[in-house]
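One chain, subunit A, appears in both complexes that follow, with subunit B as partner in the first and subunit C in the second.
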Partner chain A sequence: RARSPAPLPPAVGHAVLAINGLEVNGRFTADGRDVLEYLSSAANFPVAIRFGRPRLSSYEKLMLASMFHSLFAIGSQLSPEPGSSGIEMLETDTFKLHCYQTLTGIKFVVLADPRQAGIDSLLRKIYEIYSDFALKNPFYSLEMPIRCELFDQHLKLALEVAEKAGPFGPGL
Partner chain B sequence: MHTKTMGSTSTMDARFTRGKSAILERSLTRPKTDVSLSAFSLLFSEIVQYCQNRVYSVSELQNKLSELGQQVGARILDVLVMREKNGKRETKVINILLFIKVTVWKALFGKEADKLEQANDDDKTYYIIEKEPLINTYISVPKENSTLNCASFTAGIVEAMLTCSGFPAKVTAHWHKGTTLMIKFDESVIARDKALDGR
Partner chain C sequence: MTVHNLYLFDRNGVCLHYSEWNRKKQAGISKEEEYKLMYGMLFSIRSFVSKMSPLDMKDGFLAFQTSKYKLHYYETPTGLKVVMNTDLGVGNIRDVLHQIYSYIYVEYVVKNPLCSLNEPIQSELFCSKLDSFVRSLPFFSARAG
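Right after this comes the complex of A and B.
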């Protein structure tokens, strides 16, 4: 879960994310109207359009997560010393991927701004929220997507706290 | 024949319990012991899942949870009456309700229940209201059966306590101002209470 970016001009690979604040999924707006049709009618102008990289579908997320899982396994096998922790952080010039593997082998992955501090504590906080609001919830089935209201609430709160800490750590 | 003198009740008790089980040797006054909330939550979560696998509808699930709660309530009533009230049972509706709101809640959840109210238009209906019941701390109910409230278990505890103290009642859990336990007393209970007042 990344922070919502500032408005960007359209670029290669970008798609329409929202029109006048209304979310767009593929070719249709959230209330089911055709995007191209909506934009071709002058009566709807002026419009504010937000562009950005299209969001990953859950299928794509699963695929990427499985790929990362393999990379993680390769990472620990390549280690000359036994008992490697695997990949804890992957750095690029636009983002950092932080991974935390629990004792039971569940991986939590956070994609964040490379300057964002305090991700380690965020990952542990997410683990805590997962063990509280997913595992202690009788209506959650293991290994399935987490659809628990309290989990979402607390995760959102933790992300807000981490975001307030800002790119240079808390206190600034 | 073996005779007993006054003041030796403890030896008399021990005569029946000695060697049967360690738990029977323990004194009734209990040191302050708290159970970990995590351990309780995980156990309760498993209880709910166990019940869920054996029912076909939300109301059946609530009934099942309530039945399990009744097992707890019937047992805890005796021990709390002995510990906190010197074995004296309440005879008035309002007193037994306050006993549940204060003493029972403190023993079970470590704090009093938030509110105890009587229905405006009905003298046999009472409500115990809790904004955030401990039992629901980690539970998010799925949207498709949003009427389900796992506090049915607590409702079962309260129902058994009232019924076993001679105040037959039906107790159900609802989502209202947080969680509300609705207590509906039997007609005879209210009639008896009024008769007692009249004396």
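Right after this comes the complex of A and C.
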């Protein structure tokens, strides 16, 4: 089942994410053209513009990851029960954040639709993919960003399988 | 199923009320420090969640759970925050937290001229009403005490 996002009207704080299906990053389209120039030329019309919340920069991603790291630790410190782990699942009205910490302290975090099922098995699958295609890769140095093609391919596949399961689905 | 404890914060981060029912582990710091840590964590979670969200949010942060407990969060438009820790078997209790605000806080604190807002609640009536309300909740087990 293909799920296409419903087109959103522009709102305060939103940015242009795509024009005519072409991804936009900041001021420039994926093929390096200026967005405003592209829109001012009549030859490009009609245009379909997709609006949405601006994407996070890699700097912001790093900042949020370190923030979650401390929230995870405080969550276990404030526990009213002994022997609690950190935050495993965080729920908001628009998404659910699932976190899986391995015995060696690596955290895998997945943001999903609140109704999406099978995230726990997806997290374990991602750990498996990480072990098989990043850790066992002799060219991968530990605790550095993962740039392995096989890892990316298998990760994408696992996400597609989990996505197909959909809400209330059986999972992987 | 059981309720562990409940925190009530005002919009400036002052802990107005704290009570506990079945708490087996203390945080190992003074209560004042614990309130500050809890408020700080919620403050950061709120900003974290609003940055992470793929869509614009309405209610925002609702709850989180660890392997041992679940924290439920409810915030009124005036910035009053109700935080309840329960065990993992409890589902969405947003309406219960809203009832604590509207039936107990508003009735016995806001409408009480002797209770000053924005400082810890001294009213015994409020404390006993809150205690009996929480004890009567369907997920407050009888063995907990």
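Following the convention adopted for this analysis, the second predicted complex is superposed on the first by the 161 of 172 C-alpha atoms of A that agree within 3 Å, B and C clash if a C-alpha of one lies under 4 Å from a C-alpha of the other, contacts with A are read in each partner's own complex, and residues count from 1 in each chain.
Operating definition for what follows: a residue touches a chain if its C-beta (ideal position, glycine included) is under 8 Å from a C-beta of that chain, and two chains touch if they have at least 3 such contacts.
Bear in mind the structure is a predicted one, so any value in this text is a computation, not a measurement.
For the composite obtained by overlaying on subunit A, subunit B and subunit C can both be accommodated side by side without a clash. Vertex at the C-alpha centre of subunit A, arms toward the centres of subunit B and subunit C: the angle is 130 degrees, rounded to a multiple of 10. In the superposed pair of complexes, A:R124 makes contact with neither subunit B nor subunit C. By the touch criterion defined above, A:L135 reaches subunit B but does not reach subunit C.
Among subunit B and subunit C, the chain that touches a larger number of residues in subunit A is C. Contact with subunit B, but none with subunit C, is seen for A:F151 once the two complexes are overlaid on the shared chain.
Once the two complexes are overlaid on the shared chain, A:R27 sits clear of subunit B and of subunit C alike. Using the contact criterion defined above for the overlaid structures, shared-chain residue A:R55 touches neither subunit B nor subunit C, since it reaches no partner. Superposition on chain A places subunit B within reach of subunit C only down to 30 Å, the least C-alpha distance between them.
In the superposition on chain A, no subunit A position is in contact with subunit B in one complex as well as with subunit C in the other. Per the touch definition, subunit A reaches subunit B in the complex via residues 132-133, 135-139, 147-151. Considering their complex, residues 11, 13, 52-53, 56, 60, 64, 67-68, 70-71, 74-95, 97, 111 of subunit A touch subunit C.
Here subunit C touches subunit A in the complex through residues 4-5, 20, 22-25, 27-28, 34, 37-38, 40-41, 44-45, 48-49, 51-69, 71, 85, 87, going by the rule given at the top.
Interface residues of subunit B, counted against subunit A in their complex, comprise 38, 41-42, 44-49, 52, 138-142, 150.
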